[in-house]
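Take this structure first; my questions come after.
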Amino acid sequence: MGQKINVAVLGATGSVGQRFVQLLEGHPWFKVNELVASDRSSGQCYGEVCDWRVSDAMPSSTRETRVKALGDRLESQIVFSSLPGGLASTVEAELAAQGKQVFTNASDNRMVPDVPLVIPEVNPDHLGLIESQRRNRGWSDGLIVANPNCSTIHLVLALKPIWEEFGIEQAMVTTLQAASGAGYPGVPSLDLIDNVVPYIGGEEEKIEHETLKLLGTVAGEHIASAAITLSAQCTRVPVRDGHLESVSLRLRKKAAIPQVVEALESFTGRPQALGLPFAPERPIIVRPELDRPQPSLDRNAANGMASVVGRVRECSIFDVKFMVLGHNTIRGAAGASILNAELLHQEGYLTAS
Amino acid sequence: MGQKINVAVLGATGSVGQRFVQLLEGHPWFKVNELVASDRSSGQCYGEVCDWRVSDAMPSSTRETRVKALGDRLESQIVFSSLPGGLASTVEAELAAQGKQVFTNASDNRMVPDVPLVIPEVNPDHLGLIESQRRNRGWSDGLIVANPNCSTIHLVLALKPIWEEFGIEQAMVTTLQAASGAGYPGVPSLDLIDNVVPYIGGEEEKIEHETLKLLGTVAGEHIASAAITLSAQCTRVPVRDGHLESVSLRLRKKAAIPQVVEALESFTGRPQALGLPFAPERPIIVRPELDRPQPSLDRNAANGMASVVGRVRECSIFDVKFMVLGHNTIRGAAGASILNAELLHQEGYLTAS
Amino acid sequence: MGQKINVAVLGATGSVGQRFVQLLEGHPWFKVNELVASDRSSGQCYGEVCDWRVSDAMPSSTRETRVKALGDRLESQIVFSSLPGGLASTVEAELAAQGKQVFTNASDNRMVPDVPLVIPEVNPDHLGLIESQRRNRGWSDGLIVANPNCSTIHLVLALKPIWEEFGIEQAMVTTLQAASGAGYPGVPSLDLIDNVVPYIGGEEEKIEHETLKLLGTVAGEHIASAAITLSAQCTRVPVRDGHLESVSLRLRKKAAIPQVVEALESFTGRPQALGLPFAPERPIIVRPELDRPQPSLDRNAANGMASVVGRVRECSIFDVKFMVLGHNTIRGAAGASILNAELLHQEGYLTAS
Amino acid sequence: MGQKINVAVLGATGSVGQRFVQLLEGHPWFKVNELVASDRSSGQCYGEVCDWRVSDAMPSSTRETRVKALGDRLESQIVFSSLPGGLASTVEAELAAQGKQVFTNASDNRMVPDVPLVIPEVNPDHLGLIESQRRNRGWSDGLIVANPNCSTIHLVLALKPIWEEFGIEQAMVTTLQAASGAGYPGVPSLDLIDNVVPYIGGEEEKIEHETLKLLGTVAGEHIASAAITLSAQCTRVPVRDGHLESVSLRLRKKAAIPQVVEALESFTGRPQALGLPFAPERPIIVRPELDRPQPSLDRNAANGMASVVGRVRECSIFDVKFMVLGHNTIRGAAGASILNAELLHQEGYLTAS
């Protein structure tokens, strides 16, 4: 392709914002052109104001970039937003009204009826909502597409092939989530040295609600919720990156364990068909070992874009149980938004205003 | 009372053995008289051969005690066994045949039909098996009583009052277990720095099977299993002590959440009625905070002898869900055996041979 | 003795404030009568506003105590202050002017010339400064006595007997400090999972300066600094409680290692002579094992009031090197203030206004 | 260049062995041809017998490689050895006698007079010993070159430019070392959850002795030790990878801090001049931030081949102090051996037998 599309990152100095900057370095289609942060940082160089905490070095191209403030006029066509909830809602709508294509990692817009909540392998057809979104809001080129919560993404990636082949009635989930999910400074160290916190505010509801939309079907101008019930208990464990989830499923159809494994392993979707740059060859990797997946060993599978499943076996109460793990700030956040943008690009939704 | 009863500790240099020694220091009824370990240590002073790793100092009374070997003749009436599985079975039966009253923390004897598997607050009536045990085996004064696995104990303590009042059909459990459950050296540090291991060999089966016996009923010479189905997934997390369990229950009778909390909080049993020295005033402490129980803050509740429950709430799939936490080497192991011995003492089973 | 002396705790809801409340429970001489915190908490019950994070349960006696605001009139004779630096200076002086006897754990007053900076075993004679303090400031009964920084206390306890017997010219120190030293929320968990932070703001200066005063001599109205040079590098490690310090000393006189060990082990001071309630039998415990002291195993030695020294051996550059460890919020903070108050009580400085 | 040189990895299933396999994947000059492990594994596929614990996936090329036993005849010209101490000495000498060029990461041969102990940026001239090594031992093409201990490497990299420009009389060092330095299973998790172990057997001696040889000068058939005294205290901290060292230096010549920083930052050596594939552009990276280097953020600098220095400042006892950090299994072990082999290759020492 010819020229790269300019993108802006909102919340660029935060944890997820830094991931956007890191992951977009060298992207074949997109180029980080604008970095937007709080007023406090604006006007200064990104390299000075950003307490860079990704283990790879800060891309030298962004070091000298002047940080913009939230109200500043943006030139970029695409906006990746990692704004905090509450703030995100208004800002993102304004940008879309200006014709920007907004890919949001914030929770504000996820459950809004005319906002597609998308995992490219799971529900690319939900992009059909964009037409009514634009009509409803009077936007011509602008749009907002959301990606789910970090725990939801890896859960639903693992659910999708089983949902398609066997149907799922109920999913019981206990999560063991990494500290980076709360950003920086986030969780105090005294909460996670020799300790586990058995609660993450709002997380259980996100898993229980977002999944219904993700597995749901387009019904005119909204998504009809999927007929599945979830129950989640979320905990925070002393791990830097990588959310682990213990899952038990009641299926609609009988399924032998090897069939479930086969469904998981052979699963691919639209990103793989389109050959999107951030698409993992296999979205789900099934490990046969008894003691996998483990955060330290498996979170970087496929550059952090795959979900790793292990211990697939019969459940004595439901039908099948397993553990699923994935990187929470790559496929669970910034990488998810980027893959959404890649999908829309290839599907022809991204037209410069 | 007059003279204390002499007790021997088998496996005295191991993690649980050290807990026995620590907890029995100053016990009103029992006195550690003999320490038994592998041949390698025998004949030497306990203070020399034992790599003491309990945070309290080693009781000075045991420092100079000469360690005995497994084959050595024991004088003590009571034997607390923390032998490894496999070895325990034979040794414990031999000692019982010699008239010793054996309280075993090993897994070998737990599911043997004529061995009572006892949590004093849960199923003290199972001690009725002792009569047939002695008859079957031709023992006069000897006996073997087992306590359950460390995860099972805290789970079943929390299940018992709900089981009694509302009935339980199904229990889905995911555990987050502490490193000390695997003894020392146990789990390698590379497995638990920035990591979780989603597997503990044999643990899930123990939870799923032992619970059926603990909640079961005496049926002549064995225990009829309780009509409850469990499904467990066990993980090891970077915590020193304190197993945390995420539990969802399908009940037989409707129960409002405040009723469940009331059942848990008001629960007491035989140890409380008898005023046993190691009995916690309340076996179950219910915390109202959103983010409790936590291992570091709650594992020492009631000197490590209580189970701490939190986040009791409705389950969108089953009826009620909660988190339960307890100290795995105190109420989950050595303290459990000691409470069993106290119960048998007060119930008149302990008669010197 | 007859009636207990009423004490107030300033900063009662913070980490060190909670330690004061916990440690003073059941104290033979002192009774927690008033709890003082920020305006936000004042008027409410301590049990409601305090996010209690000490592993022992909150003393029931304080649960219903109404928290006072900083400006409120206090009735108590003794004030234990764990106010943050900056705020402490003014508030403590005002209270002393009102006749209160203030024992401060804050850094503000430590290096003020007429404020005794005291470790009871090290420099009880520095209390002589109180006379000039009162004269300078026009206080009759009021006084301020400070205890050192948490790292300094354990270092200087270990230095003192060596200083007395052999003299010390230089001390090179690298610390490995616990998270609780920064309070709560304090250090972010992402800084201490699989990580060490090689910097603690102001800590190195405190060690290098406070030691000179502690080992110094009363020279009229101030303390003449000791002739010793220190160089400190401070790090924060993933440990909840217990500061570990790697120390190398250049001595003035030749000393064989067994002599140094003997000096450390036989060391006692005024608190031991007076039999103060919080005085450890031996302020310094020397462990002979190669791999001690360790935070988890040794921080609670003598209820957290002892310093534990290990690996005493020759230094190939200086003369002797060793590791010293101690509990940073007990002997390193709240317990230090309490021991100071006990000392002053027995030495006759505490007279009701 | 044309065909790649075949290499064998001894101890291929261990921690460092796995690093060799990972790092050599795609190497421009070397190709892993043979994997050697204990008899237990020999004859089986590497993918089956190796419990792969590097976070990157096992190279597919080695998955099917049949593991050889230690006694088996090897075809490869180059041998990378990560054998345990004791065993290494004999095996490595036998292989060299057969004409193999052995690059050893084991401690056995490091201090042997005619074995070059080499860090390519520090003492490439020590390769001159190879001539006498071959003559002494009657080897024609075979040779043994050792790399230092993981802590020594990063220390000496940081010392070298200062040594050259200002001279160093004394170096006081306290290390905070990662768990992976002890291999797998290595350190028990109970030693490193909420804990530090202030002792690593043999480590202090290695640092104190190896440095003298590394900074020493070729004196005929051996290395004359450098005139520098070191004193080391070594601790193990809860970190997966990355050794951090607190260092204070007494210099021979006065040096202002900016001069020291300049010396460190501008330092390059033979590997940079030769453009060796594994040579970092700058062997030493100096971070200006107050709180760096940190293991999690800095250990992967320059793909784990650089030493990262921070907090360079005056020492109140000696002249300069700083913290240095480096990856202990990459530049501290496998990467060090590979860089040595690259150096010898370019210097013409590697001739096929």
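When the chains are written out, they are named A, B, C and D in that same order, and each has its own residue count from 1.
The rule is short, and it goes like this: contacts are C-beta pairs under 8 Å (C-beta built on N, C-alpha and C of every residue); 3 or more make two chains touch, one makes a residue touch a chain.
Predicted model, so just to flag it, every value in this text is computed and none were measured.
Contacts with chain C and chain D are shared by A, B.
Both copies, chain A and chain B, contribute mostly matching positions to the interface they share, with over half of the numbers common to the two. For the pairs A-C and B-C, the larger set of C-beta contacts lies at A-C. Chain centres here are Cα averages; for chain B and chain C they lie 40 Å apart. Chain centres here are Cα means. That of chain A falls 43 Å from that of chain B. Inter-chain spacing, taken between the CA centroids of chain A and chain C, is 48 Å. In chain D, the residues that reach two or more other chains under the touch definition are 53, 191, 193-194, 238-240, 296-297. Within the complex, the chain C residues that touch chain D are 170-172, 174, 176, 191, 193-199, 201, 208, 229-231, 233, 235, 237-240, 244, 246, 248, 290-297, 310-311, 315-318, 321, 323, 325. Considering their complex, residues 53, 179-180, 184-194, 238-240 of chain C touch chain A.
The residues of chain C lying in touch with chain B in their complex are 53, 55-57, 193-194, 240, 296-297, 299-301.
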